[in-house]
Structure formats: structure tokens, C-alpha cells
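Naming follows writing order (A, B, C, D and E), and every chain is counted from residue 1.
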């Protein structure tokens, strides 16, 4: 009976381990796997009771996890490397986005279809953000300097682009191009990958100490999100249902569109890599982008920045 | 209707037709304060009064009967509930050059020195004054001497005693040379000797000009000694109990007249009217 | 050193050794206001004064001589620049139950009704009063009747006339029954008749108790009629010009004594001392 | 003249007198804003993404009113708590600082320097200390409320007429009595005005806190909708926060009807 | 008793009296904060990336002082402009609103509703309207300054003793004279206190604007360093903004020495 079920769950919960998990931003389809794990009980079945906390403006998951406020978090791979270069002992335990969903949007009639075309154009710059990092790396890669373009400082909204204050909009291509197209804009989308950069997007991470002292917990966590993501990839309805259960910010039709845009970035594009898996090559490429952008000096102890030990083989 | 008023006013005259000799005429003025949780309070209950040019009128009446209210009406700071007031031309509009008022409280601006307070009327209505600031400053010196405030000219109000504050307000009032002077118990906080001296000086100042004066006081002797005419108000709601000419000569007066029998009898009769009012 | 003070004080006595009959003793009190851009101002220049229990002392002196300052010193609100003041036990500490003061300005709290203002002392020092609020309210009724303020008990201060505000302050002062009453020109803004009545009533109130009184006034007649003893201050810097017993009987007094020759002569002599001071 | 006097003496009410008049005025004001807004949109023929028309915003609201109202309620609740805490602490501190000049001398620069740190930059520390939940929002709202109250209350206390101070000294009033019978009644309108300022800041503080990590509240809606370029929905959140501000602004005025009466009752 | 009276009457100065005393007090306060900060770091043994020690922050500053000071200067300049504009407009509006009761009645709700819109949410729109340059920063600083001044000035004007109003009416003072000779002098300390509140807000407003799109100023440094995880440098920016706040807070006090003198001179 349902009463028995409730009691069973209660008993089970007593043995569950409570942990907290900090998102990089507001809840979104980008974390579909996490929400599926929550909605369909994969956390519980792995013995976890997970409190999912949203990120926001000015909030840095790396500082919160490193300070012990949260046990796990999601952050950009680039941010993780920068933090490590400052001595912050955090380590990636699973990739979420195999490629960064960051890119650039231009008007279709502007004729800007490759990075060389940025010369002399008004480029939006989100100081310090991933888009900024990639932009600096691309400048270096093309032997250009910031004086070759006209930089305009902006933030994460599209107002300046829509109002024609800029020609190039740094954007999350899983998200903003959809909005623009739905609003009737004719646009080009240039992804980082298309521009020739190999760069991880968001990764799951925790502290070195956690990995060292409580590997079972990390294993359980990674297994749960792994199960969640596999189901999310296979089962669009489940993914949408799980996200909608956590937040009422989206309408269903939007969720479908975003789902279609997100999945390609989750799916591995390298040989012998499975969902959530990582490779040294791409971590080195990621570090190289940061070096080109002048944010870190060298790749450092890149091998300790990530670990595949928790990914089920 | 009191005698003098009847002489000056033709019955049924419109409020604007003011006899040329008159500065202000009040016709059947009623005033009530109202509402505010305490019910209506009738203060003035039909006042007819004319103040001719050059006359010194003293007003006597019990505390709270409406003397200050009457002055506020004449000053145009309040409007009557019923009845009407008419002023000779420009009197209201050209305050303070043509009408001066000494309030019952000193009302000195706390952030200005005595001297600056005294010069306030000039600064507020520069264009009204034919004679400029230079003359005002000369006058200021004389008034400071007269009131004994000269050494305190740079003091702030809170550094002055109660009587000194009243005297400072007096300087501010007299620094202009108006046609009508309204005085609300100007000497109340001042000792008897100073008071006598100031009263005498004040009378000689206004007597030398052609100014009319309404002088509210609590002292029967002061009223009789300074004024040409005394009006006595009844307790609230106030009517005019008596309107009497003072049996002393016009112009300046000296202290010897205070021992004068006519004067003392007049005081006694005033006293009697008040006591029976 | 004035006569009475010499009688009461042994020369060289320490300020704390107050004769048992005395409420307050001032010994060689000097007071200057200083600094503040205007240089030093000597106000009191060596005052010796003793106020015995049960005595009604009037203080006369020109405006600005330091009368209010003297009261502030006695009240413990100012400290002398030189000299010393001693109080009988508890007088200072147990204000307002043992010492009451009527300031020169009414100082009514604008947001409280007349009645609420009058009861302020009780609310501020509940524990000091042996007799409770019930008695205070009875007393309030009598004082409101006496001052003619009964119909205005719920009025706010700005709805009262100048004289009514002073009377309201008087009610606040007299609602307590202290050993020493300090009065700073309490009747200055009140008409003569009311003033006489209030003066008489006030004297009979304090005469019935054992209270000492210091009564600052500008009126020579009032001083002579109400007080047992009159002190005259010189112009600033102030010393005591005269310290005289009033040649009228103690206890309550009636108006007929105002025509009394002894009284009138006494007034003349006070007047003379002041004029020559 | 009589009129101009009336005018000059008119009690302070910021134009919001009685309850009914207040509602009428607010309604008029809202109508005015909407008219102005609409004509700006029409005259400059602005596209939705720059400035949506009132109709579009209303549409966005009525598309899912429960959604918006739930988030607004969360914000209102946190802001109200922050307002109460911030103002209580602010008044309490002002009371202490006014009493002890020496402490005031030393404390003010500290307080001021905290006020000038942008709260957004403080957010991570506050989140670490107070968590992502309600507490961090309430704390931020309180912090923003706090300073205007402290400064204005101190200022009001200090500008009381010295005659009253002398009266209370003569009557040997202790500090508690001075506060209750003199300082507070005399500063009442000043403190209410300061609370009106801080009421607006409480709403702003809460929303800023919600921008830095929250899954509920108008700040969350703002962040989300602005990121996804749902401009009409974003304006719904802004309009709701503005309305919240109006409501909050009028909250302290309730004190006018509550506190003075009790003071008076306490006195007689 | 004499003492307690002195105490109660002591002029309002928020504990910052003369220039020298001010500097001493601020120095003491800064020392106190640094001590507190250091002991928090030591006692809780907090890691650098959460709360760096004062020494680490000082080190970060002295590593490139010119860099930080240049950005601080930009912020100071924009905040000062915003402060001046916001306060001027605020006082001007208060003057108009006090004069015309009818306008006040209708305008206040409008103003209040604008005040309650979180400026961070407005930022994107301001950027679109005023560009990413100086203008958008100055506008935001002005907006934040504006409301406390309007409300406090109106409040101060309205609480002036009616006796003075009567005096000025008798003397037929026009509104300009009332302002110059009565309303302003009588409200002076209130207005200065309000300006001190808005001085802090000017700095915060500028920095928030810089956070939403700028390549200069302390807000830019905050954003950049937080992204580069240079936490000590980020704290340098925060400390500088706090210091800017203290300086700004004391700016309005200069008025005390300037304006009253000229008023007096104008009078005699």
C-alpha cells in the first residue's frame, strides 16, 4: 500500500547521506541529468539526499565548494583551472559539456561568418566571463590584438545586440540563438568548436580533500548523475518532466527547443569517451586557451585537475 | 457699536469705502476656531473697530480673549469667519514697509545673530523700502542703544535672556517706519524700569511719525499712559466692552503725568470696567 | 554680605554644613558665559544668598542681569564658575517631588494636550511621589479651575494663547508639592486681573505648605505684595543690591493691603534702589 | 496670505493623507505612469525587446498570474522581515550611539565604510555565512535598511530644542524616559520619513540578494527572464517590485496611527 | 546634571567633528576594522579565497598601486558627478513639490515606485539608453542618490515651527526668500544628513553600474578579479570602495563651512 511505501521511503531516508550541490546558474535544461537523477530517485538509490542550490549573479560555486558551504558544484572548466592556478584545491570529477556551448552570434546580413571578420567590428565583451576568455584566445590564435576590434563592455543580456549597439554578441548557443530566432532575427551562430577551439564547458567538481577522504561518496554522486544523464539523453520526455518539476520558469515548448540544443554538447565527440568522461588532451587544449588568453601561465599539474576514477567504465 | 467707530463709519458702507483718515476698519468681525476634535471655539463675536492715521490705540482684555487673534486679523494673517476688514491702500500688500508687527513671542531665527535678525525685514522686502540699507543701519544703531542691546549685537538668540529676546524683536519691528504698527505685549518680559523707558521712547517714535498703532498690553497703567485711546475686550467670545479716549495730551508724555489725578482716575475706571466685564 | 545670609551662615562654614532651617545656600557664587566668539560675559559677580524653609523670596532686577541664570544655578542645571551652592538633603536628587521650577518660557511639549503636559512631572518621576496619580488628578482639577483652563484641557499647546500657555506651565509646576519652588516670571504674559488673582492664590498655596519660594518678577508691586523678602540684583555683572524683609504680615494676604501706606512706601523704596542701582 | 500660511504649515504627508486618498492618488499615479509609458512606446515606436508596451506586459502577467504572484509574495515576505530587523537594529543602534558620544565617534566611520561596499560584491561571503535560503535575503535587506535609519534618527534626536532638554533634565528624566517622552515623539515624522526611504531599500536589497543565488522571488524571475530575453515577463517582475515598493513605502505610515496613541495613553 | 544637559544638547556631528578629529577617528576606526578582520581570519582560519587576511590584501594593493588607484579614481569621478546631479535634482524637486501640494500628491507614488525598482534590473535598459560609457554610471549613481534627498528635504521643510512661517508670511516673503532665509537654514543639518546617506549610495550605484558593463572603475576590477579568482585583489577593490564611501560621507560636511557663512553674508 502507499502507506507502506511512505514508511519504506522514510526508513530509507534515515540512512541517506545529505549533501549539497551548487549549480553554476539558475536551474536550466543544461543540468537536465541532475534533475532526472533527482526526479527519478537515482540519488536516493545511491544513498544520497541532495540539496540542489541555484547559482546567480556574483556568486561563484568554486568559492562556495572550496569553502565547504557546498559539497559539489558545477563550474566552467576554465574557471576551475584558473582557481587551481591560484592554489584552490578543487578537482573536476565529471564533464558535463564536452564542448563549451559558448560562441558568438552575428546578424545574417552582417556577413560575419568567421573570426577574421571581427576586424573593425563592434564586439561585445563580458569582462571575465568564458566568452571573454575564448575571445582573447581567438585573438591570440589569429595574431590579432584587442585594438583590431572595437570592444564594447556588456553583460549577459541581449539588449545591446538587439538594439544594434554591437555587431558580435558573445552568447550561450544552447539558449540565446533560440530566443533570437523565435523573435524573428536572422542570425549566424559561430560556436567555439567551429572557430577551432577545444574547450570543456561546465564540469562537475568537488574538493581534493573530498576525493581523498570520501571517494565512496563521490562515486555515489557521480553514479547518480551518470544514470540521470544517460536517461535524459535517451528519454526526452523524462528530461523535460524532471526540469519542469524543479522550476516553473520555462514553458514546455521552450524546454523542447533547449533540450535539442543542449544534447549535442553533452554527447562525447572524441574516441573512446563516454558521457561525463574526460580526456587529458582536451584538458590540455582547455588550458591552452587560457594560456593564450593570458589568464594562466602554464598548464601546471593538469593531471590533478581532473579525474576519471569515478566514471563507471 | 463703539463711539469712534460709529463716527468714522457710515452705516451700511461697503468694506472697501474706507474713510480717508482711517488705516484699517473692522466691521462686524466674527472669528471661530473650529473642528479639530475640540469642537468650535468662538473667539471674536462681532468686532467693529477703526484705526485712524496717527492714533495710538491700546487694547486690554483678559488672557485668551482674542487679542492676538485680533492683531492677526488686522495683519491679514487670518481671515474672519464673518464680517469684513478693509485696509487703506497698500497697507497689506506693502508689508513690512507700511505695516509692522511685533509678535507675542520673539520668533528670532536661531541661526542668525541679533543684528542679522533685526535687519530681516529689509532683506525680505528690499524693493519696498524707499530708504535703503544705509539708513536702516543707522536706525539699527539707535535702536540697539535704546534697548541696551548694543554689546550683544553678535549674540545668537539662545545666548540672550528672555527680556533681551523680546527687545531684539522690538528692534526688528521698529527698524522699519510703517504707517501702522501692531504690538502684541511687546514689554511683557521686561522689567518695570526698562519697560517705562522703552514705552516712553516707543511713544515718541510713533508720535513723531504719522503712524497708527495697535498696542496689546496687560498693564492698565501702561495702556492709559501710552495710548490716545483704549479699547477693552470682554472675555471670550469677545466683544468690545469700552472704547475710550485717554484724557492726557497727545504727543510725547513724561513720567510726571503718572501722578496726575485725571490719569489715575482714568486707570481706576478702566480697572472697574474690566472687573465688571 | 546681605543681612539674612550673614545671620544664617557662620563665616568660613563649609558649603555642606547647611543650617537646618535653610533649603539652599549660595556662597560667593560667580558665573560667566564664555568663549563662543563673543568673549567672556560676567553675569553673576559674587552672590551670597540663603533661602530658608517656608520663606517667599522675590527677586527683582533689570532684564538680562542674570535672574534666570541664578534660578538655573539653584536648580542645579548650571554649575557656578566660582563659589559654591549647597542644598538641603535630597532637594536636588529628588526633583521634581522636592523642587519645582517654572521656566521663563512655557516649554510645553507640542504633541501633548494641556492636561498631558500638566501631568508630565508625575510620569517622569513616579517613584518620587508618595502620593499617587489619583491625588495628582484631583490637584489637576483644582488647578485647572484656578487658572481658568478647564475648558481647554484637551487643547494642544499651539491652540492656546500666550497667556494660556504660561498658565498651563504653572499648572505643571504646581501639580507637585515640593519644598522649594522656583518661579521665573510666571505671570509675565497674563493680564493684570488674572495675575493678581493667581498671585494671591499662589501665595496661599505655598503659605499653607512649608515650601520655600524664589520668585523672579519684573513687577515691583507684585514682589512687595507676594513676598516675605525681596532681593534686588544690580545690572550685569550682578551683585545683590539689597535684601529686604517685606513689612507686611505673613500668611495669606488680601488686596486691601495694596492701599496700605507701609506697603506703598516699601514699593517706593524698592523703586528707588533699582533706579539708583 | 492666510492661504499661503496654510500652505506652509501643511502637515507632512508626502501627499498621501488618509487611506482612501492614498489609494486614489496611487491609482492616479499608476494611470499616469501607464499613459506615459504607452505614449513613449507609441511615439518612438519602440520594439518589445527595448520597452514592451503596457499591454504586452499585462498579457505576460495574465498568462501566468499565479507564477508571478507567488514569487512576489516570497520577495515581499523577505523584504518585510529585513525591513523590520534592519529598522529595529538601526533605531536601537541610534539610541545607543546618541547616548554614548564616544562610541558614536568611533563607530560611525566603521558603519559608513560598510555602507559603501557594494552589496553584490559581498554576496558570496553572505551566502557562505547565511546560506542560499531565506536568511541571506533577509540579511541583505536589513543591511540596506539599516543606514538611513541610524543616520536620520541620530540627526532627528540631535535637532531637538534645547529648552525641552533643560526641562527633562530638571525633572531628572532618565534616558529611557527622554526617549519615550521627548526624543521619539519629537523625531517621529523624521523617523517615519527615514523608514519610508528604507522600505524601498528593503525591497531592492531582497531582490539584489535573489539575483545572487535563489530559486524563488522576483529577483530570480528578473535574472531568468532577462537572461532568456523574455522582456515582457521581465517587466512584469519590475512592475511588481515597483508596486511592492509603493506598498512598503506606505507601511511606516501605519505607525502614525498606532504609536502616538499609545504614547499618549502611556502618559496619562 | 549640568553634564547630562551638555550631553543632550551636543550638536549633531555623527562623531566627526573638526578635520583633524575626523582623520583621527577614521584612522582609529580603520584600525579597529583591520584588527577585527584579522582576528576573524585567524580564529576561523579562513582560506584566502573566502576571506583573505589584511596582509594579503595590502600585498595585492602594493603589487600594483597605480592600477587600483586609477580605477578608484574613475569610480570616484563618476560617483561624484552622480552625487552632485542626483542631489541637485533631488533638492530641486523637493523645492517644487513643497511649493505645489497638488503636484506632490500626484508625484510621490510615481517616485516611490521608481525607487523600488532594483537598479541592477534597470541596468541593462540604462545601458541601452545611455551607452556603456560614463553616462550610464553617472545616471545610476544619481538615481540612487535622488530619493533620500527628496524625501528628507521635504520632511525637513515640513517640520519647521509654525511661528516662523507666520513671521515670513507677515513679511510677505516670496518662496525664494523663504527657501533662502528659512527653509534651508532650518533644514540644513537634516539635508546634510540625507546627503551623507546618499553619498554612500552614489558609490554603490556607480559600482553596480560598472558591474553591468564597463572596462574601467572599481566595479570592473571587482568583476575581473573575481573571475580570475584573484581574491586578494578583489578585496582591494572592496576596501577601496569602502574608503571612497567614507570620503564621500564626509564631503557634504564641507557644506557646513561654506554655505551658512554665505547665507549670513547675503543677509547683512
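Operating definition for what follows: a contact is a pair of C-beta atoms (placed from the backbone, for glycine too) under 8 Å apart; a residue touches a chain by one contact, two chains touch by 3 or more.
Only a predicted model underlies this, so the values are computations on that prediction, with no experimental measurement involved.
Note on connectivity: the fewest steps through touching chains from chain A to chain C is 2.
Shared contact partners of chain B and chain D, listed by label: C, E.
With respect to chain C, maximal separation of chain centres occurs for A (centres as means of Cα atoms).
Seen from the C-alpha centroid of chain B, the farthest chain centroid is that of A. Counting C-beta pairs in contact across A-E and across B-E gives the higher total for A-E. Both copies, chain B and chain C, contribute mostly matching positions to the interface they share, with over half of the numbers common to the two. Averaging C-alpha coordinates per chain places the centre of chain B 50 Å away from that of chain E.
Centroids built from CA atoms put chain B at 86 Å from chain A. Per-chain CA centroids place chain A at a distance of 38 Å from chain D.
Centre-to-centre separation between chain B and chain C, using Cα means, comes to 30 Å. Residue positions of chain C touching 2 or more other chains: 77, 105. In chain D, the residues touching two or more other chains are 1, 5, 50, 120-121, 128, 162, 166, 168-169, 172, 211, 226.
Across the assembly, chain A contributes residues 57-58, 60, 63, 67, 157, 159, 163 that each touch 2 or more other chains. The residues of chain E lying in touch with chain D in their complex are 1, 4-5, 7-12, 14-17, 21, 25-26, 28-30, 32-33, 50-51, 97, 101, 104-110, 112-122, 124-125, 128, 147-148, 151-152, 154-156, 158-159, 162, 165-166, 168-169, 172, 178, 189-190, 193-194, 196-197, 200, 203-204, 207-208, 211, 219, 222, 226, 234, 237-238, 241-246, 248-249.
By the touch criterion given at the top, residues 47, 49-50, 67, 120-121, 123-124, 127-128, 131-132, 210-215, 220-221, 223-224, 226-230 of chain D touch chain A in their complex. The touching residues of chain B, when paired with chain E in their complex, are 75, 77, 93, 95-96, 101, 103, 105, 107, 109, 111-113, 115-116, 119-121, 123-125.
Every residue of chain A that touches chain E in the complex is listed here, in rising order: 57-58, 60, 62-63, 66-67, 79, 82-83, 85-88, 125, 127-129, 132, 151-155, 157, 159-160, 163, 165, 295. Contacts from chain B toward chain C in the complex involve residues 33, 36-38, 60-64, 66-69, 104-105, 148, 154-155, 159-164, 167, 184-185, 188-195, 218-220, 271, 274-275.
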